[in-house]
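Each structure below is given as structure tokens.
Each of the next two complexes has subunit A plus one other chain: subunit B in the first, subunit C in the second.
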Partner chain A sequence: MDNTVKRLLERLVRRIPSRMLKTTLDKWSRLTATQRQSIDYTESKWALTEKLLAICEVFGCSLTVLVSPWFHTDVIENPNLGMWHAFQLMDPQDDAHSVELTQFKEQFKSHLSELIRHVSIKIKKHTDEAVWIRIAWGDTFSRPNHLKPTYVVHYLQTPYVFLSSLTSKQKPLLSQALVLSTRYQAIKDANLSGRKLTAIRDLLMKQYLQVFPTKFPSPLAERNRVVSNLHIEKEQAGSAANRHQMACEAFGDGLLPQLQSAVYKLETKFRDHTNKTMTERDEPFRCVVKFASTNLLESLRHSASSGVASTPVTPLLSSVPLKGKNYFVITDNGPGPSSQK
Partner chain B sequence: MVCERKQCASGDRTGTTALSRVTFTGQHCGYPVGGVVTQQPPKSKTCKRSGCLHRIKYVQKNKEKDSGNMEGAPAKGVLSHLSLLEVKARSRKTQLQQQSRVMELKAKVEALKTQREQLKAQIQTHQDLQKLRLAMDKQCADEEEENMEEESENSKLLRLMARHTQLKDLLHAHHLIGGYDIIKTRKGKGACVSIATAYEDVFLDTFNLEIDLKPTVKISRHNIPPFIPLNNLAEQNNMQTDLRVFLDTLSKHLNAFAGRKQQLKLVKEKHKSVEVMESNVLCSLLVLLFTVPREKTAVLCTLDYTDHTRCLPTRVHLESEDKQLPDSPQWKKNCTLLMETPVHKALITMKKMGSIA
Partner chain C sequence: MERPQNSVVRTPIDSIVAQRRSKNKSYRQSYRSCLGAASRLGHTPGWTARRLNTSRRTKSHNITEKVNPEDLALLVKTEWQLSYVTPLYQFRHTQLRSYSRQLSAFITAEKQQGLAVEVEGAQTSFRVSFSVVQGLGETDDDAETVLVQIHSKPVFAGKDEAQKLVWSGWLTCINGNPEYLHSLPKDFTCLPLFGSRGAENLTSLVKSWFQQTFDCCFGPLEINQTCLQWLAALWTNCHIESSIQHLKMIWTLPVEPPLQITYTVNPQDAWELWNSVRTPSLESREEEETARSIDIEEVTRFMQGLMSHFYRHFRLDLSAGRLSQVSSALGSAKFSGRVKMSNSRYVLTTLSLLTECALLKMPI
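Right, the complex of A and B next:
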């Protein structure tokens, strides 16, 4: 058994958290029941890996065999490893809406194999209608590198594709294959990225709770409301409720998708009359502003409802959930953010 | 201990004794403690009035009542100073009350009179509106032409108001039967449409659209999923000029999608023997695997819902290992059944007839 397989196996075992190891190995159908029982899960991971390697040596585990069921547990169960980037397919052709799974699979595999000779593609459909594609890239001289695969997630009949671990060399090849197999005409960067796939997916597919103006905006007040201080209540209750409503309308209610950052790249002219040297320059003032948080949308919503950010919420901040982006390029042309990408 | 006397206010009212250079006040129950007091504070006594449990406390007090105890304040503290001021303010109020009370009441009477006149005018307008509404509703029902006689400004306005209430009631009725509802936002510059979806008498998700009305009609925000081609529908149905047609088409698409989604959910819940091989987010494609009882042959059934405004499939395709099965009369009937009945109901019938397990 060669080194790549050994390294791959070690890497795969390392990535799985110890508590999930037993369930993962049980799903691997290549191990017989006796072999499974012989694995002692109380040993350290290193010892476990050695044991597995020994078992694989016995029946000559090949790379493809190793890869196929494992990638399911590798990434699908842990989709929060690494950064995910969203891309948008543009200009659907007439039959884009009737692309079905088998057609997409065949087309994608054939197109990508035409573009690059040594490539290993595995496509699997998850229960929530997501199509997962695992691509191991090789080139004309070397075999596919399974240690650095690219993952692609796509929901058929939507224009969004989510990619993880893609280099700039591989990007045009993958883009072409995707465009041709989904029957669209172009693909562009959606300017949204995050560590959690579910978060950026929910944001783009609008699967979080949004708040819209209704006839009866606030729920009926309870009869015996316990109020800590009547004076504060009298002064602040109205404006606090107003701010909360505007914050929820801008960002949403309940649990919000977990974004980690928002980046604003400014290319505007410097505007401060007290600083003549900067204002006299002709070129725009280049500046990058980055907001980072464990849950960015939650923090923005809280800052709006607590009054730290002024309400109505500025379009710069509310564009994050509205347009589903967290990378903006701001120029002097229009009011509010305009992305040139 | 609390005094049981009716007027007792826990002893914060001062009663003064006779003045001398240094006076001591007996504080309690608002009743002056009898007797002249000497320069030295007397011994503390208990009130002899029946039921009262207070002890009389003797406190030094300056000659001028109104000086506000300035020098004493730092010695006693700010709070006690504030309480003295409060007492003074109260005493001042009671003095002025008599004079201003009459003026107050007179002003109140005037205000109430004007309010009454306003309310009377409102009731009159409301009654006129009601009459006009009845006439308008009758006119609509009989489809007569409205008489365009010379109308005064007032009656024109009334007519407009009546039409406004008529439209509002229509919209409310539309909303109640499960259609869409519109409300004004941002002081008339925008509108928010909420489209309710329902299937088989059960309300499902509600979708919302926020629309800018000025300067052009444009969608600013919505929670419609991306597989519903919102922008295409807006263009095709000319949202700028005919909002109603656009909303009707959108409502059809959303209701059909909700219906198909609900059918899929019911198939998964109620027909566990049927395996769902493929479906998609738009619920426009469904591939089911049936098992024929007794022979245990598998039949693969593909349902294509190419018309996205309908809940029924446009094409049903059957495949089986037994090549003659799809052409048998029983399965031809099943095919038509699947084309004409919602899939979860069709499966019940097929099970009853014994076509599938």
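Right, the complex of A and C next:
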């Protein structure tokens, strides 16, 4: 049996957590019921792979056949492997909004195959309106490498595309194919990346609980509140409620999308009235600030509501959910969050 | 804090020595009592005494002249886990060979504990070597640095494979407080800073052997905020001589979930900021830039400058959090007590700072 197929199978088996192996293999229509029953899930993964290889030998699996069921479990159910980067399509043409699935599929496959000779494309529509594309890249001399596929997720009728595992060489080819098949004119980096696809998707498409400024935000007072110290509570209640409201306005309420980091490249001038020498400098003070947390937006919201970050929340931080970005370059001439006093 | 004479148990039988001790009213002074008389009055040492030196001289030392470059190479470019050690009783630099044998036997015995039957072939023999890194001490009071290395064969090694270095550690005292060092009774050697690298079980074995043999105590050394800030300033100060390439500081904020902020500053800009907060030198111009002493106020102003620039943009006060790591091309230091020195020229400055930290942390 082909070595590449063997390696691919081994790798795919390895990536699936052991407890999900049974459900995964059950979904594989190629296996007959008897074959499925003959697989012993208490064996080690290595033994399991050997068993599967033996089964595949019988009816000579081709690479694409092998890949198809695994595609689903490999990534769709584990969308948190690796980093996802968000891109945005720009300048729609007239018929961009009416592109539907079959048209997109045909167009994408034909455009990408034109641009690069050996490429293996699998497109699948998921239940939540997302179109998943798995691309294995080859070149003029070699067959597609299934061990390092690129995944693309696109929501039809929106200008958003999410990519994972793309090299700089493959990027222009893929961009070209995407732009042509979606009937837009350009694609640009949305400066948003994260490990969880659902999180960056929710952030970009604003699918989380947003809070809008109101004039009279006071919620209903609870009946049986446990009060530690009446005086402190009274004094702090007003400002605490205020901070909480502003924090929610900036970042949202309830469960927030799980973003892991935000990076700010600062190139602004140093301004401090206690330090004359630095303030008179012409050159910017260059530094890079990276915020990291298991759930960045929650951390930021908590820091605003607890007073660690002063409210109203600075536009630099609130831009993360507002603009759906987590990479910023801030200069003195830039719009918005620059040269703050 | 006055220490009662429970060291009477270990008083040498030699009566002359005992006599001398009582003459000098030399109960062992605590380190803190050396720093201020006020601390002797109360039951607890005065908080004012428990501080690092407020000013220090920095000089890049071309210590390759003094120290064997091979020994130096062992110290730099690796990350060490630090602990403090209380003074060692009857430690002799002349008996290192004997110590090597003893420690080797101790480790082998501990590893064999619980094995009822002699297991064939699985005997990992440990070869321990104690050595002295000469020339590392700054003053005459500093005891010579001791280096301990453990070699062993990897578990599934072939017959002819040489033993590899599996664990190394060192004990040092650089620029230790002279008052304190002089107040120690004669038989005690002060090597307060202990660094180790390697498997945790070997580290604890080495520590227990030391504790048994020299009646000392080990404890974790956390590098506190002030110390980390000192390191940030000291390293930035060296930018002119050897580029620090970047000044990276990591803060942790106490929010839910915890937020980690990595603040990386361009080295040239960091140096200019540092230069702008220095108090103008009152001493003669001939003195080297880098040999000037640095004050704690300058360090504080430097950190304030960095934090205020951050605040201006993010309206987030970094002092609400904790500085947990500082790193640059010259080395890195973490709150948890892990330190790495990447440039041999600044080893002494870093080690003196850390020796001070260790002396302060010691409970006696």
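The rule is simple: the second predicted complex is superposed on the first by the 310 of 341 C-alpha atoms of A that agree within 3 Å, B and C clash if a C-alpha of one lies under 4 Å from a C-alpha of the other, contacts with A are read in each partner's own complex, and residues count from 1 in each chain.
Basically, contacts are C-beta pairs under 8 Å (C-beta built on N, C-alpha and C of every residue); 3 or more make two chains touch, one makes a residue touch a chain.
Predicted model only: the values in this text are computed from it and were never measured.
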item	value
Partner chain in contact with A:S306 - subunit B first, subunit C second, else both or neither	second
Contacts of A:F212 with subunit B and subunit C, given as first, second, both or neither	first
In the superposition, subunit B vs subunit C on subunit A residues touched	C
Touched partner set for A:T294, first subunit B, second subunit C, both or neither	second
Subunit C-contacting residues of subunit A that also contact subunit B	none
Of subunit B, residues touching subunit A in the complex	181, 183, 185, 192, 194, 208, 210, 221-227, 229, 278-282, 284-285, 304, 306
Touch list for subunit A against partner subunit B, complex	97-98, 100-101, 125, 129, 155-160, 204-207, 210, 212-215, 322
Interfacial residue positions of subunit A with respect to subunit C in the complex	264, 266, 268, 270-272, 275, 277-278, 281, 283, 285-296, 298-300, 302-303, 306, 308-310, 313-314, 316-317, 330, 337, 340-341
Contacting residues of subunit C [partner subunit A, same complex]	253-266, 269, 272-273, 275-277, 301, 305, 308-310, 312-317, 320-321
